[in-house]
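Look for chain A in each of the two complexes below; its partner is chain B in the first and chain C in the second.
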Partner chain A sequence: MGVYLASEDGFKPPSTADFNLPPVFGDNPFTTKPVFLAFFSVILISVFFILSARKAAIVPSKFQFAGESIYSFVRNDLARDVIGHEFMRFVPYLFTLFTFILTNNLFGIIPFLQFPTMSRVSFPYVLALFTFVIFHYVAIKHKGLIAYLKEIMFMPGVPKPVYILLTPIEIATYFLVRPLTLSLRLFANMFAGHLLLLVFILGGEHLLQGVIGLKLVSPFAFAFGIALTFFEFMVQCLQAYIFTLLTALYIAGALADEH
Partner chain B sequence: MSLIKFNNWAAGEGANPLVPHTAELIVGFIAFSLLFLVLRSKVVPMFEKAFAARTEAIQGGMEKAERAQLEAERALTQYTTQLNEARGEAQKIREDARAQGAAIIEDLRAKAAEEAARITAAATAAIEAERQQAVTALRNEVGALATELAGKIVGEALDDQVRQSRIVDRFIADLEKSK
Partner chain C sequence: MSKKNPNSGDQNNSKNEENALWSIVGYLLSGLVIWGGIGWGVDNWLDTSYFVLVGLLLGAGASIYLVWLRFGRD
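On to the complex of A and B.
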């Protein structure tokens, strides 16, 4: 297109290659930006909540109240309301999941960090694997291995011929679809969101280098990039919530006695 | 074919974003586990402690208020009972006093009546005695006077004492009858 020709070397739209950040130190694969961000999030979350919870006062300070609000949101609105009376066992896991995903998602719009860790598919895979192992483990412990498999493969209250169709679907749901959708939903949202921001910000930057007409258009690209940043903030919070909510739902299903 | 590539940033544009990175898998696992351990041991128990303390404080306050209310109710009942008792007692005392007053009045009245009766009786007796005395005196005097008079009139002395007194008696009886 002629627009791109206005610049000297032409506009190279952002691609999946922009997510393959090279290691900071030599060839060491443990020194990439996502790795640093993941560890940074661990430090950030730990420090924030340890300081917030340290006093455990009956009348909380503003700081304690802030940490408590997030904790009680996960504890009451996610764990307790979804799982029921055995929820307390799973609160630490769900709380870690929510804060870890939320913080790493928010890194996508925090100035200077500006990279959502979860847009690297390995991290969602790991988290989905944790959830996968936990909800199967809980179900097997609660129902027994045989009863659990029987429940998955032969859902009660269904006419026998339907099993030909239902059994493969149920098996796929429990062992493939659940962990895959869990991880890919999070990954794809973060990936696409970051790509979208890149398109508008880098595009705006590129337009700024063009002829006078293009320079006038570039603020619109930046404005749209900023608007999308707010949109991204919403998506990032939502995705952290969804991942945690689905995990809680799977655990609740594992603890439920009947389908 | 190995799905997991170590250096897939080197692959540049062709790298499949769905293929995980071994290093990142390891990092994700370690970072998440670390965070889990920290939050589970340091944060969750503290928040739970705060929640429990808060619940207890609210419950304790409510129990205290309930106790105070019970105490107040008990005191009120006690005071009401005491007040009713006092009222009853006052009533009784008033009634007793009234009864006592009536008894005293009755007593005095009886005494006065008795006294009056006694005085009346004494007076009657005195009068009767005086009358009797007067009658006796009169009889003697009248007899003597009448005898003397009659003697003077008849001219004959009625010396016979027996006769004399019989005449006098008859005379007096006639006198009394004509009266």
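On to the complex of A and C.
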């Protein structure tokens, strides 16, 4: 499709280049749009939750209700159900993680912002690094370093020679695959979603400038773009949920005495 | 993803399922990557071309065994 349209007046299909936004101030690479969005999200989240908690009342306002339902969702459905009786220690981290990822994901479909911060891979990498450090730290503190490594490497009830096969897989799973899949799942979902929206909406706009036949098709591209925006909204919430849920599950695994 | 249920016991169950799902994906992936990678390294070292296949099969088998060990036997 891209080639076909390109013959007219150069439709440039969206590509990875659309994610390399230029710095806002001069050539300082720390002033790109995703960086500002990340800071903006922190301000937004802080203001929202401070305001919703400040005038806490027995009969909550709508505002307070919204803030409290998000908090109790993370606290009860994610932390308490998954981690168990020691969950309170981890609620601040899980709550921060969930709201930060959710807000930054939603930036992808909010007009004028329209860029999911997490589609730049370094943001998910850093978040996964935090989770990685936390769940290993918790496990080492809870079980002791030697016992923890032994638990990872040697699954009980297996003939000894089989460990040669299984131990490398276990090590790779805990130290490589877990943080990588955690970050890449979030990154890839946000990246692909944004690209998809770009294709349909920029494509629709380009069709509008074509001959009459193409103009007639253009509304379908826009309609599809709008439908996909709703779909994206779902994916964005789901990915924030999955990231937080897996973090909680990893912490729960670190605290569990046996598997 | 499994359906959400207001019943908290069911919800816990669905989270365990989700945990199992992602762990299994992780195991299968790392089995293939690690043993396939070792096979590929041996191939490069000995100038052969079949160890990567041996490694991949071994890794797939081992990781399925590992999944069974962790989630299958009760």
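The definition used in the following text is that the second predicted complex is superposed on the first by the 250 of 259 C-alpha atoms of A that agree within 3 Å, B and C clash if a C-alpha of one lies under 4 Å from a C-alpha of the other, contacts with A are read in each partner's own complex, and residues count from 1 in each chain.
Everything below uses one rule, namely that contacts are C-beta pairs under 8 Å (C-beta built on N, C-alpha and C of every residue); 3 or more make two chains touch, one makes a residue touch a chain.
Remember, predicted model here, so these are calculated numbers, not experimental data.
Novice: On the A-aligned overlay, A:V235 touches which partner chain: chain B = first, chain C = second, or both, or neither?
Specialist: neither
Novice: Can you tell me whether chain B or chain C touches more residues on chain A?
Specialist: Greater contact footprint in residues on chain A: B.
Novice: Touch test for A:L249: chain B only (first), chain C only (second), both, or neither?
Specialist: A:L249 contacts chain C only, not chain B.
Novice: For A:L94, using the defined touch cut-off, is the partner it touches chain B, chain C, both, or neither? Pick first, second, both or neither.
Specialist: Neither partner.
Novice: Applying the document's definition of touch, where does A:D77 land relative to chain B and chain C: first, second, both, or neither?
Specialist: The second partner, chain C, only.
Novice: In the overlaid three-chain picture, which partner chain does A:R178 touch, first (chain B) or second (chain C), both, or neither?
Specialist: A:R178 contacts chain C only, not chain B.
Novice: Identify the partner contact of A:Y125: answer first if only chain B is touched, second if only chain C is, both if each is, neither if none is.
Specialist: Touch partner of A:Y125: chain B, not chain C.
Novice: Regarding the shared-chain residue A:A17, is it in contact with chain B (first), chain C (second), both, or neither?
Specialist: first
Novice: What residues on chain A does chain C touch that chain B touches too?
Specialist: None.
Novice: Which of the residues in chain A come into contact with chain C in the complex?
Specialist: Listed in rising order, the residues are 77, 81-82, 155, 157-158, 162, 165-166, 168-170, 172-173, 176-178, 181, 238, 245-246, 249, 259.
Novice: Within the complex, which stretch of chain B touches chain A?
Specialist: Residues of chain B touching chain A: 6-9, 11-13, 15-29, 31-32, 34-36, 38-40, 42-44, 46-47, 49-51, 53-54, 57.
Novice: For the complex, which residues does chain C have touching chain A?
Specialist: 1, 8, 11-12, 15, 18-19, 22-23, 25-27, 29-31, 33-35, 38, 58-59, 62-63, 65-66, 69-70, 73
Novice: Which residues, counting only chain A, touch chain B once they are in their complex?
Specialist: Per the stated touch rule, the residues are 15-17, 19-23, 27, 29-30, 32, 34-35, 38-39, 41-42, 45-46, 49-50, 52-54, 56-58, 60, 64, 67-68, 71-72, 75, 91-93, 95-96, 99-100, 120-123, 125-127, 130, 184, 187, 191.
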